[in-house]
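One structure, pasted below without further comment.
Going in written order, the chains are labelled A, B, C and D, and every chain counts its residues from 1.
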Amino acid sequence: MSYNSFGHLFRITTWGESHGPALGVVIDGCPPGIALSEADIRPFLDKRRPGTSRHVTQRREEDRVRILSGTFQDDRTGFPVTTGAPISLMIENTDQRSKDYSDIRDTWRPGHADFTYDAKYGVRDYRGGGRSSARETAARVAAGAVARKVLGEDIVIRAALVQMGPRAIDRSRWDWGSVEGNDFFCPDAQTAALWAEDLDLARKAGSSLGAIVECHVAGVPAGWGAPVYAKLDSELAGAMMGINAAKGVEIGAGMEAGAMRGEDAADEMRLGQDGRPVFTSNHNGGVLGGISTGQDLVVRVAIKPTSSIRIERSTLNRDLQETTVSTKGRHDPCVGIRAVPVAEAMAALVLADQKLLHRAQTGREGPAL
Amino acid sequence: MSYNSFGHLFRITTWGESHGPALGVVIDGCPPGIALSEADIRPFLDKRRPGTSRHVTQRREEDRVRILSGTFQDDRTGFPVTTGAPISLMIENTDQRSKDYSDIRDTWRPGHADFTYDAKYGVRDYRGGGRSSARETAARVAAGAVARKVLGEDIVIRAALVQMGPRAIDRSRWDWGSVEGNDFFCPDAQTAALWAEDLDLARKAGSSLGAIVECHVAGVPAGWGAPVYAKLDSELAGAMMGINAAKGVEIGAGMEAGAMRGEDAADEMRLGQDGRPVFTSNHNGGVLGGISTGQDLVVRVAIKPTSSIRIERSTLNRDLQETTVSTKGRHDPCVGIRAVPVAEAMAALVLADQKLLHRAQTGREGPAL
Amino acid sequence: MSYNSFGHLFRITTWGESHGPALGVVIDGCPPGIALSEADIRPFLDKRRPGTSRHVTQRREEDRVRILSGTFQDDRTGFPVTTGAPISLMIENTDQRSKDYSDIRDTWRPGHADFTYDAKYGVRDYRGGGRSSARETAARVAAGAVARKVLGEDIVIRAALVQMGPRAIDRSRWDWGSVEGNDFFCPDAQTAALWAEDLDLARKAGSSLGAIVECHVAGVPAGWGAPVYAKLDSELAGAMMGINAAKGVEIGAGMEAGAMRGEDAADEMRLGQDGRPVFTSNHNGGVLGGISTGQDLVVRVAIKPTSSIRIERSTLNRDLQETTVSTKGRHDPCVGIRAVPVAEAMAALVLADQKLLHRAQTGREGPAL
Amino acid sequence: MSYNSFGHLFRITTWGESHGPALGVVIDGCPPGIALSEADIRPFLDKRRPGTSRHVTQRREEDRVRILSGTFQDDRTGFPVTTGAPISLMIENTDQRSKDYSDIRDTWRPGHADFTYDAKYGVRDYRGGGRSSARETAARVAAGAVARKVLGEDIVIRAALVQMGPRAIDRSRWDWGSVEGNDFFCPDAQTAALWAEDLDLARKAGSSLGAIVECHVAGVPAGWGAPVYAKLDSELAGAMMGINAAKGVEIGAGMEAGAMRGEDAADEMRLGQDGRPVFTSNHNGGVLGGISTGQDLVVRVAIKPTSSIRIERSTLNRDLQETTVSTKGRHDPCVGIRAVPVAEAMAALVLADQKLLHRAQTGREGPAL
């Protein structure tokens, strides 16, 4: 049991608080011989980094990652590769404004973990949320970049925002190409423009908006995962629900599967042009019986609106007195936006782990068929 | 890593195929000194048992459980208690009709795990679905009964069906008392009556219906769970998504959280009449930051319609030839019904484990406050 | 954490008490497609079985093992193979004499686990030692037989008794061929003859003798294991010390390494006739830095004399009164003898697990060189 | 499975190479509310630190540890305590002489992990031994200091050197008071004086000496540990065998148990003056059936002589050519000396973990009796 670890064979352990000196992650079980340098990690941290548009928190964090162990640049080969030893990644916290935290210290912010941390531990690093801060997801994203290297380029992981507040995208306009072209990782440029207005209004009202992230993974061979308690969808669900502020997870048809009929839900199989099995639909999101089908994995996760809002809310303080609280400061009006690279990272971590598990039990990387 | 185990400290390992001689579960880490006999387990198995109404599979299984180890009836005390040793529970399979399975053997049924098992393992016990059969959930339900004993009577776990096919219950009519009074574990008797018609129609059409199960847990003290990767909601999500045919999991507001505003999603706190903290709403489903708030846990899981339908569907056989398949035999037209006791069992298993984890780290069973 | 499980990827969970209805083991993570029937397991159980000579307990146990799950005999192939699903093995207890256990119930036998079980659990299945009985090792031996199938025939695991009481074998007379030819698994026939006399004397005196088991494994490729906390020697040491009554474990030179000089302890390398690396000695027992060298693994384990002796010993009863105890009944005068197949089984379990771990991380089964 | 982690509930993960920028450890699962600062860790690192006498390596390492996360100094309480979040400890490597490593790079040093790392990973950080260097034990010692805080002051862990090369101490002169008074952690001052001569001779001859460390733990209540695969002695054996250069582990009578008779090996019980059970001997080293008896735990570990010696030895290079190697530089002539604080740390880590496991399963910290 490790409270701050994730994965079975490709296993990460993260540490650090929002306003401590640094945060980091140790990756254990990485295969040896994989080319890896800080440049492989940086683009993913940049994608998650705050302060890149008016729609995310204005905290400036450079998020420079250092590889402290686990790679080695042999002078015979000239490039750094993983050695099989644990890879320690560290990001120093540079933009910790010294401020008065006495309000958060003594008052439990509604919707936050303040009360539950006090209930569990009797003590809490209240500065900026401490361990419960979304800052921890920088460590996941860094580790996810390494997981992608383990998976190789044939496996393509990409996520997008498909709903913000009550407004969903128009799926007929889905274009992966436009995801990087707006501030919301939105695959539908027209909806993105409307979201900008929605979010400006919400921010000005001192409020915040929820969102839904959808992650697609292409290139996973049929056969990864396992039945019963190690199901690929179970692993993905646990991973995605472990993202800060997540409240729901769907695979394929998701909650809609409850409304379906058998003949609609069961994806039919045909022979593809290359003589390989193909499916005529993907209501099961690429997983059957806990094992990948070879289709795209499709996972959605709902992220609640941040509870750090300026609108005043009723609550209690640590002395059990009724009071109110209103959160000032630099906060994401829609934390779902920055959850996009985090969801990708969690998918990468699950799949790197599954790759190793699959070849452990079967001696193969691909299907038996 | 254990593919067929679940839990960290209160840990179960299940085994057995649908048409093998028996199935069972080994429970490891159970606290000692808990009164336990087969009579504690039977009612839960009876609830899950097939053949109890026309709406579930007509397979007759007595599901008699035997405790093979881990309890001891000392002649000084006169009643059997757990000893701290592993508890082995076994259920013999009694209603295995001998039949010709050559159709399932060679043809991949759409929506089933046939293809993915072949892809992963290259071999498959095709009789009745083998390991992928919902028969395995009998072992979970038996173990869940033991988990309930570990939790004690102050923690009340109960689930209900809240949607079948496109028809959802009317929540204003929610009555736990009526759940046992109909064939669907439905908390709304009027909807139950309509479901009976819906399901008769579907069955006669050779089709099946999806469903949504909702599970409530009362009495969990604030403070159970842990941040980051051991989140209580992450554990619950993984557990529920591990139920056969599950495609979506929600905690509290669930996917709807994506459509909400911050001031609506954050549950406010007030002082209760007993001077203890209370919340004025429960959009977070009893979990904040991965740790229980002391409110009811609320979890929903969507179960897809069974893929075992009489309607003919296109598929491939193992020789990669296109063919069609239509499933005869005794199948649940709505597997979601029997998922109700399974969801309860999974919740019990997660919480018994969390109880032990919480007292391991904190030395307490309740909150620090 | 699993108290009754062993292994990481090839993982066993055992259950059952000495005088319960049955005992068993669930093997999880076994690779699919391995031919396996009860006939593969029986010879190893026979080797461990009591009642085969006057030097071991006269309890008659048929130890018939049943495979309850995890294998499948497809009518196309005609022979049973593992499917990748959990393999459940069960052995029914047939020779449980009903007797009066009130003496063991209330009195803590010196050198036994009676006191410590009461201290930990407050309750204890005292019949025949319950869970602490060496009967549990039947489950390990059965699982070890499956592990051998995973390892294949190129890896040869065999153990022998090298010391009984104060008398050690003469290593210059080591002959694997004579191990099966005497009642002691002794590789030195002359010493075996002396042990027969030693043990007769001890048994008649109501006493018992300790022993040392030595296990050799040939055919392990260089590269299995891992540094730091997953060292192959660390895994072997934990495994062997987990055998009932074990008090010491040695790898290669073992405790003698403490008395050595650097130039004697470091095994030198030369080029073998086949152009592969060879070592000129094996003081390190086939492991360097936690990873196999390709030499024979050499592990020794010291087994204390059984504490079940007729000689009267001072002790306490559960009411904390001073008393004496003398153990009657059928007991091994030297439990070390039957520890020989158990040590082989533990080695097989460790190595099957290491094989899967190695190919998980490296994608290879053999060395990189 | 974590290659670089140790422990189940109190769990550490270490990282870092001998000549990398830093090394460290992440401690997960630490109970909250324990006072902890760097000053609690420093004395243990100082004890392990090289360069403190002529008998250990002359590498100068300040070994200054930084706590990067997991503690919090609340301005209301004024002192730093653990928060239950992961504790990240980092030690920067300051004395890395830049030198030419091409000899170690290409040649496998006998008795070292050079060959096996290459066999496993195909790549190796050869600078100073990389991950296989005893430098890693600094992280264990730092974590062990935290484990001691979890155990509290009633549990006293102390180790000593009881043999160096062929010369053992005289146990009749055992005096814990003299352990800190010589360069060898020797409890027998007269033998320490002889060891000084022995080691000077060995060092001047370019050789090295093995040693045996003995660790005693007082104050462990009866009832910690568990039967079968989670035995306290099995955990201790795995832990101690995981120390660099360890080749043998003994609990209580250890290997000598193989030579004993039943009436000598079974520790008898009597009533102590305080009315509590006492044992009249401790051949079982404080463990029966895998569970602590309440007596002192007694564990010994044999450490082979370092293979880094000036005496020329035969070996191979990476091109599989025969060659010789002689290790220059600053090396411990007896690595067993510095293994003393490491053995204490491993014992502390095992026991902190067992404390949490025991209260998880039983709800108690002490015995049921």
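We take it that a contact is a pair of C-beta atoms (placed from the backbone, for glycine too) under 8 Å apart; a residue touches a chain by one contact, two chains touch by 3 or more.
By chain, UniProt protein names: A, B, C, D = Chorismate synthase.
None of these values were measured; they are calculated from a predicted model.
When the C-beta pairs in contact are tallied for A-D and for C-D, the bigger tally goes to C-D.
By residue number, over half of the contacts seen at B-D repeat in one listed pair from A-B, A-C or B-C, namely A-C. The distance from the centre of chain A to the centre of chain C, with each centre set as the mean of the Cα atoms, comes to 45 Å.
Averaging C-alpha coordinates per chain places the centre of chain C 26 Å away from that of chain D.
Centre-to-centre separation between chain A and chain D, using Cα means, comes to 38 Å.
Shared interface positions of chain C, defined as residues touching 2 or more other chains, are 1-5, 8-9, 14, 29, 32, 84-85, 120-122, 131, 226-227, 357, 361-362. The touching residues of chain C, counted against chain B in their complex, run 1-5, 8-9, 11, 13-17, 20-24, 26, 28-29, 32-33, 66, 68-70, 72, 74, 76, 81-88, 105, 120-125, 130-131. Contact residues of chain C toward chain D in the complex are 1-6, 8-9, 14, 108-113, 115-122, 131-132, 136, 163-166, 202, 207-212, 221-231, 233-242, 246-271, 275, 277, 280, 283-285, 287-294, 300, 302-309, 311, 313-316, 320-322, 336, 357-358, 361-362, 367-369. Across the interface of their complex, chain B is touched by residues 1, 9, 29-32, 84-85, 226-227, 356-357, 359-363, 365 of chain D.
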